[in-house]
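Paired with subunit B in one complex and with subunit C in the other, subunit A is shared by the two complexes that follow.
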Partner chain A sequence: MSVDDLAGHVGEWLRGTGPLSDIVISSRIRLARNVVGFPFLSRASEDDKKEIYRSLGDALSNAGFGSNSFFVDIENISDVDKQVLVERHLISRQHAEGEGSRGVSVSMNETHALMINEEDHLRMQVLRSGLQLDSLWNEIGEIDDRLAAEIEFAFDDDLGYLTACPTNVGTGLRVSVMLHLPALKITGEIEKVLRSAKDLKLAVRGLFGEGTDAIGDFYQISNQVTLGTSEEEIIETFSSDIIPKIVEYEREAREALSEQRSVQLDDKVWRAYGILENARAMASEETMFFLSHLRLGVSMGRFDQLDIGTINELFLQIQPAHLQKLNGGKLSGEQRSIARANYLRERLGNNN
Partner chain B sequence: MSVDDLAGHVGEWLRGTGPLSDIVISSRIRLARNVVGFPFLSRASEDDKKEIYRSLGDALSNAGFGSNSFFVDIENISDVDKQVLVERHLISRQHAEGEGSRGVSVSMNETHALMINEEDHLRMQVLRSGLQLDSLWNEIGEIDDRLAAEIEFAFDDDLGYLTACPTNVGTGLRVSVMLHLPALKITGEIEKVLRSAKDLKLAVRGLFGEGTDAIGDFYQISNQVTLGTSEEEIIETFSSDIIPKIVEYEREAREALSEQRSVQLDDKVWRAYGILENARAMASEETMFFLSHLRLGVSMGRFDQLDIGTINELFLQIQPAHLQKLNGGKLSGEQRSIARANYLRERLGNNN
Partner chain C sequence: MGILCQCCNQANATVHLTDIQPSGEPVERHFCESCAASEGITMKPHEPVNLMLEKFVKMAPAVREAAQLTCPNCGISFGEFRAQGLLGCPQDYTEFRELLTPLIERAQDGGERHLGKRPGQPNEHGKRRVRIRSLERQLEEAVSAEAFEDAARLRDELETLRSEGKQ
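For the complex of A and B:
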């Protein structure tokens, strides 16, 4: 298994299944850990990094993460391959753009990604389509236990797990849920929702984490505080309160659109289809914008030319690195726009 | 023959035939005349207007303009019917929006429109597709002669024909050519062309004359000076110099687009098609914008899903009054947008 093998299919985060999957794209839990006896990465030498890389690699292997998983040595793959992993949410941008020894162990179904030498020595991520934080919590707990049996993580009785960035100290937990909120965007109510989220000390980010915009109407909601709250509390609040509330707002906005502005709604959906089906050059961001409207139309049962699975797949395949993989080589920005439009016409069955 | 009978077909100005008709939509010559013995309309009483209306009506009839023509009593038709005449370029906006006795005699093929009580007592217009000012000049001369044999027009030996507005005094002639200049618009060179036109004391207007924007990339070029130049001089300059030059600029811009920016060009054309074929609500102005890009694609032989005749017809039929005629009743702005999108989908063969 290699990065090449990944690129052709849809992966986990856009699978489009699981609870509330019309609005909840995916759920993700991440734990940050550091290995006892090594400095944090900000102060680690290249030799330290190599040693951490080796030690964690051994631990993964001893804990049985060799089978049903594959390991990617990020330092020694191409930029396009790194970007493929980012686009599939298997590594972070920071991890891709970092330097020195680093890698990721990915389970075959892409639900687990164990990043070595990202911001912390180890970042464990589990990811599933739809809203399923409880089962993810069990999964990541099991991974954590298996690894903790092989290697010692830095832990302080008062503070909890020690992490490179103080915001992660404590549980080292980050819970993130990716939502698709096109109706709230169209009605303009999204700002209100985002303000409330910020009041609750939640972080709201775009498709690819920190510093990215909400292109395609994708919003990633994460906890920011890890110290002084239990893991279970955070997950419970997300599962039973925060996410269901936002989902409810989005549903209400969809209902309002279909009752009061159904023509404008259908107009947005069909124009999106008309452009995706006919354009000769498309930038990534506008493609996401139009795919978002198509997804809304399909989710609301107002558009049946495509199924949600195809649209989810398109969201991934039109990303720059995936597109280059599909085309078998590095492309300039302009070439990508043309290749993207060609690919979309082909997938949408337009032979013109 | 009535206004109702007109609305269903394409009329003269968008017929799409005649010399240089890929770029020159239509040519128009207008003469302004006033009847001796009556004040200019700005100072005429309602009784004066009635008397002028009657006298000119008689003159038209005696000169044989009853056969092969039909007469519309503008004072007594609906606003939608007035607007249909404006959209077909058979009367001016001012004529439609005026007050009191006024009318127009229109030839069956819509090449002649003789307006009574517009800004002057009589405005004679002849109109043809493509660039054909010479034959129009013969046509309007013949009309002028036939009428002058029946009624006396105000004429001063020094000044020439007397008109309500000083800019028309002299020959009373206005020559207008409607051009479709989408490539100059796309390349941005249109501003330079328009500046040159203004330096030559030409007026540049939009689709419906004074005070209208160049929607759909239609530009109407007219002379402004009538005093001190002969009719033949004006027509000769338009036919052999001004218009061929602008046509040449547009052709060069089209060539540059197809050589240097062919993907962007095709992209514009196909997106226009995708939107026109799929939208559920369309405003008039954006429809013109997209039809303009389609027309460019067809003219350049880069798009063959439609012929130029259909596109020209759509330019006319999507106008507000024509659309209401097609739908058999008065529609609000929102209803028109929906009706326009429905009509376009039907005409473009989209059954979705």
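For the complex of A and C:
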């Protein structure tokens, strides 16, 4: 299996199934760990990095992560391939843009990705479509245990797992839930929701994590506190409290739209469809904007020519690196816009 | 001797204003510091400048000293850590403990001790907390549904769990 094989289909996190999947795109849990006996990466020499890479690689295969997974040597793949992995959320931007020995072990169904030499020596993450944090915690807990049996992680009795950045110390846990909130955006209530999320010490980011905008009305909500609370408490607060509340606000906004502004709502949905199936050149940001309105129409049952899974797939395939993979070669920005419009017309079944 | 304050006629004027009249004629006005402040022309400084300077000078060596503190294991200084936000090795948490503690507490919303998973050990604390929260929710529901028998049972269960946590 290689990066090329990935690009043609849709990753686990965009399947469009699982609890609350009309609004919750995906759930993700990551754990940060460092190997005892090595400096953190900011002070690691190239030899240190190679040694960490080798040690963790051995631990992975001894723990049985060789079968049913494939390993990508990030240092030695093309920029487009790195970008494909970022667009699929299998590695972070930071990991793609880093330097020196680094890699990622990905399960065949893309439900877990174990990054070596990111900000910490090991960043394990598990991904699922919809709101499925409990099963994710069981899964990543088991991965962590299997690896801990092979290699010793830096741990302090008082401070817990020691990480390169003190903002991750303790559990090293980050829970991230990706939400699609177009109705709150349309009604203008989104700012209020985001403000209260920030008051609860939560981070709100865009589709591709830190420093990215909420294009396509995607918002990623994550915990920031990792010390003084247990993994189970953090996860429980997300799955029983924070996320259901935001989902409820979005549902209320959707109801208000369909009761009070149904014509304007349908107009947005059908205009989006009209442009997506007819345009001859589409930039990625405007495509996300219109796909978001179309997704809203589909999940509210006001547009039945497409299903959620297909729209989720379109969100992924129109990203720059995926588009280039589909076209089998590097494309300039302008060529990408044309290729994107062609792809959309083809997928939306219009042969104009 | 300088110009006297035109307001109190006692102190030396240190604030000088030039107003341009509607006719285009400039008119000069002179105030002492305290009259200027009470007229709302200038803000009273919270602290005299000399005191602020003194504090700054006293603080500087402590800050410089802290910034130069270096980890014998990885060689990173506290100043370098502050500049890049990343520590150099696990031992830094011990070497810089005093300086790191307030930073960690601020970043972690007051959290200062690990309550989560430990390598190779089941996390009883976490599981108990989750069980307590779930019982609390059920109790609330039972009370609002006026199912008082259930509520009493849930309350007893909660008490047992909570007292186990205190041991």
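The rule is short, and it goes like this: the second predicted complex is superposed on the first by the 352 of 352 C-alpha atoms of A that agree within 3 Å, B and C clash if a C-alpha of one lies under 4 Å from a C-alpha of the other, contacts with A are read in each partner's own complex, and residues count from 1 in each chain.
Please note the rule applied: a contact is a pair of C-beta atoms (placed from the backbone, for glycine too) under 8 Å apart; a residue touches a chain by one contact, two chains touch by 3 or more.
Small disclaimer: the values here were computed from a predicted structure and weren't measured.
**Q** Just checking: does A:R271 make contact with subunit B only, subunit C only, both, or neither of them? Give me first, second, both or neither.
**A** Touch partner of A:R271: subunit B, not subunit C.
**Q** In the overlaid three-chain picture, which partner chain does A:A281 touch, first (subunit B) or second (subunit C), both, or neither?
**A** The answer is first: A:A281 touches subunit B but not subunit C.
**Q** Should A:R43 be classified as contacting the first partner (subunit B), the second (subunit C), both, or neither?
**A** second
**Q** Is it subunit B or subunit C that touches the larger share of residues in subunit A?
**A** The larger set of subunit A residues in touch belongs to C.
**Q** For A:V263, decide between first (touching subunit B), second (touching subunit C), both and neither.
**A** A:V263: touches subunit B, not subunit C.
**Q** Once the structures are superposed on A, label A:D156 by its partner contacts, choosing first (subunit B), second (subunit C), both or neither.
**A** second
**Q** If I apply the document's touch criterion, which positions on subunit A are contacted by subunit B in one structure and by subunit C in the other?
**A** none
**Q** What residues of subunit B sit close enough to touch subunit A in their complex?
**A** 263-264, 266-267, 270-271, 273-281, 305, 334, 338, 341, 352
**Q** Which residues of subunit A touch subunit C in the complex?
**A** 34, 36, 38-43, 119, 141, 144-145, 148-149, 152-162, 164-167, 169-171, 173, 201, 224-233, 236, 240
**Q** In the complex, go through subunit C and note every residue touching subunit A.
**A** Residues 73-76, 84-90, 93, 100, 103-104, 107-120, 123, 125-127, 129-130, 133-134, 137.
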